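We call the chains A, B, C and D, going by the order they appear; numbering starts again at 1 in every chain.
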Amino acid sequence: MIQQSKIVIKDLNLYYHEKQVVKELNLEIPQNEIFAIIGPSNSGITTTLRTLNRLCDLTFGARQEGEVLLDGKSIFNKNVNVTELRRKVGMVFDVPTPLPMSIFDNVAFGSNLNGKKSKAEVEEGVEKALRMSALWDDVKDRLNTPAARLSGGQQQRLCIARVLALEPEVILLDRPCSALDPISTAKIEDSLIQLKEQFTIIIAPHTIQQAGRIADRVAFMLMGDLIEQGITHEVFSVPKDKRTNDYLTGRFG
Amino acid sequence: MKKFKENFSERVFLLLALSALSVLALITVFIFTKGIPLIAKVGVVNFIFGMKWSPSQGSYGIFPMIVGTISVTLGAAIIGIPIAICCSIFLAEFAPATLRNIFRPAIQLLAGIPSVVYGFWGVLFIVPMIRNYLGGPGLSILAGSIILAIMILPTIISITEVTILALPRHYKDGALALGLTHWQTIRHLLLPAAKSGIVAAIILGLGRAVGETMAVIMVVGNAVALPETILDPVRTMTTNIGIEMGYASGEHQQALFATGIVLFIIIMIMNATAQYITRKK
Amino acid sequence: MSIMILTILMSMMSACSQESGSATIVAGSTSVQPYAEVLAEEYMILNSNSEIDIQGGGSSAGITAAQTQSADIGMSSRALKDEEKSLWSIEIARDGLVLIVNPKNPLENLALDQIRNIYTGIITDWSQVGGSTANIHLIAREEGSGTRSAFTELVMGEAEITPKAIVQDSNGSVMQLVAGDPNAIGFISLGLVNDEVKALHLDGIEATAENIMNDSYKLSRPFLFVTKGEPTGLTKSFIDFTLSLEGQELLSKEGLIPSREGKGN
Amino acid sequence: MRIDAQTSQKIAKTLIWTAALFVIVVLFSIIIYILIKGIPMISWQFLTEIPRNMGRSGGISSSIVGTLLVTAVAVIVATPFGIGTAIYLTEYTREGRVTRIIRFSAESLAGIPSIVYGLFGFIFFVIYLKMGWSILSGGLTMAIMILPTIIRTSEEAIRTVPNLYREVGFSLGATKWQAITKTVLPSALPGIVNGVILSIGRCVAETAAVMLTAGSTLRMPISLLSPTRTMAVHFYILAREGISMENAYGTAALLIILILLINVGFNMLVNRFVSKGR
């Protein structure tokens, strides 16, 4: 492969109660790229993302087989500290979820949980994170106002900043722009392209176009099966599988 | 260490959660040991279906009081529940913000007014009104039902309102977007979605009605005879305990605890039924 | 958190338990309670370093409390039952019992057997005893109350009060009801009668302290203080004060009839 | 016959407005009547002096102190248990036998008549634990009585916190404890406080159970083991025995004002807390 793989997924099977939602998934996700997983709803994409930082543990009846390696180490190993893992692999949800506290407290939330950082360090981290998510200029004068007063796009960038403040290695985004307008979406996409310099990004885009605009690589999943994967423009221009072609041309989805 | 802390906090919470159970057990054991001997002596059927209550002569029948409790509570439910649910819909859906900001604390205030004040107000206004316009002594099932209906309003209103407000906003937006009227949205979407909360509110409210003592003592007249109309005085099980406990001793006291047992069992059955209904949904 | 609070509560309890032991506790009949409070207030003014707590609870609770010594003195507004006779007891005053009706009711007098027939439910209309045509609204006290047992004993004899009678749990509420209902009749302590209600004569005799003391008015009952064993110390001193000239005067000012045991006679 | 949507909308709206106005009228008629009769009685002397002559004269300071202490004991004891139970039910277990038993216990407790709590408190705290008629006995009895209210309202409040909040907490590396205390509880706070206010209302208003457990002395309490007569009991005795209607109204008016202050105070507190987040 061209680059070092940040995450390697091997023979991953995911179940929800008796139902299998992901079948024999194999993926390698390179470092410092944006990797998009596309497919219609119910393809197991969200479940896959939630498995990568073991948020699935919280869902009653969810169970997995197979292996996920982060930097070559299994994330399912007993000795893995789940809390540490989730800090390393941050997640942004489809709905903006500002916590009921101020803008500053939202971004500082993760750092404050540790309690190891000094106040100055936390402040510095918050500013840095807000700058990276391109929100700083909007909110620098009202950091102590409730986060819920921000617009939807600002809220979602706040959620990204909140993850960035943890200094993660991987950022998972589950349809982060599905609730946003095109201008907010464009701003977030710009930020993501900036961010891949420092992070590995895995995104479930809410449109195929979004994957086309920002992703270096793309994987297409359908009903829990991985159909095809590769460099984005290759997959988009010459799909190898008919189903991929059908999806890309809008026959279903 | 962190793991230990997590396990430890779970244990602590379990312990706290068991407090309700242990207190219930304590109360049950206590009431039953005090009351069972008398029920055993009189006989279950004679106790529950006996028409005569005259402790000084050793007659212990509480059937008129069971009828009294049921009639007063039913009356309160008929009067109170529709008003309470209307009020909570009003608060959650119709009230202008200013009115809501006055109304909501006012409802909480209503909950804090001592039951004796309600009873007193009932004696001053409701009882004479019934006596003058409807006849009879005024102290009656009707008076008790009205006072209890007012008393259970705050409980039902605040819990129901909280439940309705807690429903996701997009429920409502979605329905309105489909061209439903505001009322249809409430009737067919919000109320069904809030059902378990409303049932809980009603149970808590009726629990308060069945359990209320002081206000009821003041307005129902406490006569130990079967009522013929809603204008007749009745005695409820709680007022039987409340009114006679002070002076009771020996067997008479046991009989009052036995009344407590019957009350307790009725409430348990009510609760079990209600929980069954909520769980089935 | 809650464990901490419990600990604090516990320590507060143990810290406090020594202090509160010093007060004399008087508990029982709610009929006697107001009078005992008047006595205690005066007593504490005279003996500034002694403390007396007056609690309600009812005659039986008071007697039980005296037996278990959770109270130093029990108050009772009824005579002791046989199984309670092991307690030491003393009559602190007598209380008259009067039948009251609304001032609008033209009736002035009832005979004892008329009252009995009204309360057994045989007479149900005021016209049957010389009043205007209207249903009688009967008001009685609750089973077990000192007032009711005195009424039953003195008026009803073997007969029973009809279960249709309205039952109230205090003198005050009986009075309020009668004051508001032109067709009501009830019985209360003589000391509490005011001009909102009309006290009926019994067999032509007015209920006054004098008529009760000379036994011409028949309806009266004892107010008792009971203790476990001979009273001593503060308890004795308070009972002595109650029976003293001063104590008895306080009680008659409140409308009670002085005790035959007291020095007021 | 079918009523069309607009008509039923109109009918329903009218009914709902009528019901609400009716409740407002009843509420204000009770409160205003008591306040008009009672406020003239409230004076500095009424607030600061202990009752004299059975409550005919003097003030009600000892009852005010007693009421506050009994309520404080009850709320301080019941709140941690209530919220703890709610957290256990919502966050630590799945629906199963344990939650069913606990919830059933709580709801049964909610249904138990206050007079029965009074009897229990009398035998258990007053006699068995030898606490005597005291603020502590009364407060603990009240604590048991308000426990189900706090459990139920806290549970409802916590349950309505979107699950996403917890997931955000976890995905930011929070432990369970941190997710609960930092994200769930703050969001549920208004509901929880609402429950506590309801409970305070019940404590202040309770008469039957307090009378049997806290006693009815008019003296100023000196410790948690002192007996006391709460304002509600004082009102009941004054009004029921017809001792002094003036002071009865004064006591009732003061009770209502006290409850008003508690409500306003708590609402302000919640608003300050919540406005940080909303």
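As a working rule, contacts are C-beta pairs under 8 Å (C-beta built on N, C-alpha and C of every residue); 3 or more make two chains touch, one makes a residue touch a chain.
As the structure is a prediction and not an experimental result, all values here were calculated from the model.
Innermost chain of the displayed assembly, by C-alpha centre distance to the whole-protein C-alpha centre, is D. Averaging Cα coordinates per chain places subunit C and subunit D 34 Å apart. Measuring from the averaged C-alpha position of subunit A to that of subunit C gives a distance of 79 Å.
One inter-chain figure worth recording: subunit A and subunit B are separated by 51 Å, centre to centre, where each centre is the mean of the chain's CA atoms. For subunit D, residues touching at least two other chains, in rising order: 80-81, 84, 175, 212, 239-240. Shown for subunit B are the residues in touch with two or more other chains, namely 2, 16, 218, 242, 245. In subunit A, the residues that reach two or more other chains under the touch definition are 83. Across the assembly, chains come into contact as A-D, B-C, B-D, C-D. Against subunit C, the residues of subunit B that register as touching in their complex are 16, 52-57, 64, 123, 127-128, 131, 137-139, 217-218, 221-225, 233, 235, 242-250, 252-253.
For subunit D in complex with subunit C, the residues that touch the partner chain are 52-54, 73, 76-77, 80-81, 84, 126-127, 131-134, 136, 211-212, 215-219, 222-227, 237, 239-243. Looking at the complex, you find that subunit D touches subunit A at residues 94, 162, 164-175, 178, 182-183, 186-187, 274-278.
Remark: subunit C residues 1-2, 5-6, 9, 12-13, 15-17, 19-20, 23, 25, 27, 30, 33-34, 37-38, 41, 51, 53-57, 68, 70, 169-173, 175-176, 192, 194 touch subunit D in the complex. Interface of subunit A with subunit D (complex): residues 53, 55, 58, 60, 83-84, 86-87, 90-91, 93, 95, 97, 99-102, 105, 109-110, 113-114, 146-148, 159, 162-163, 166.
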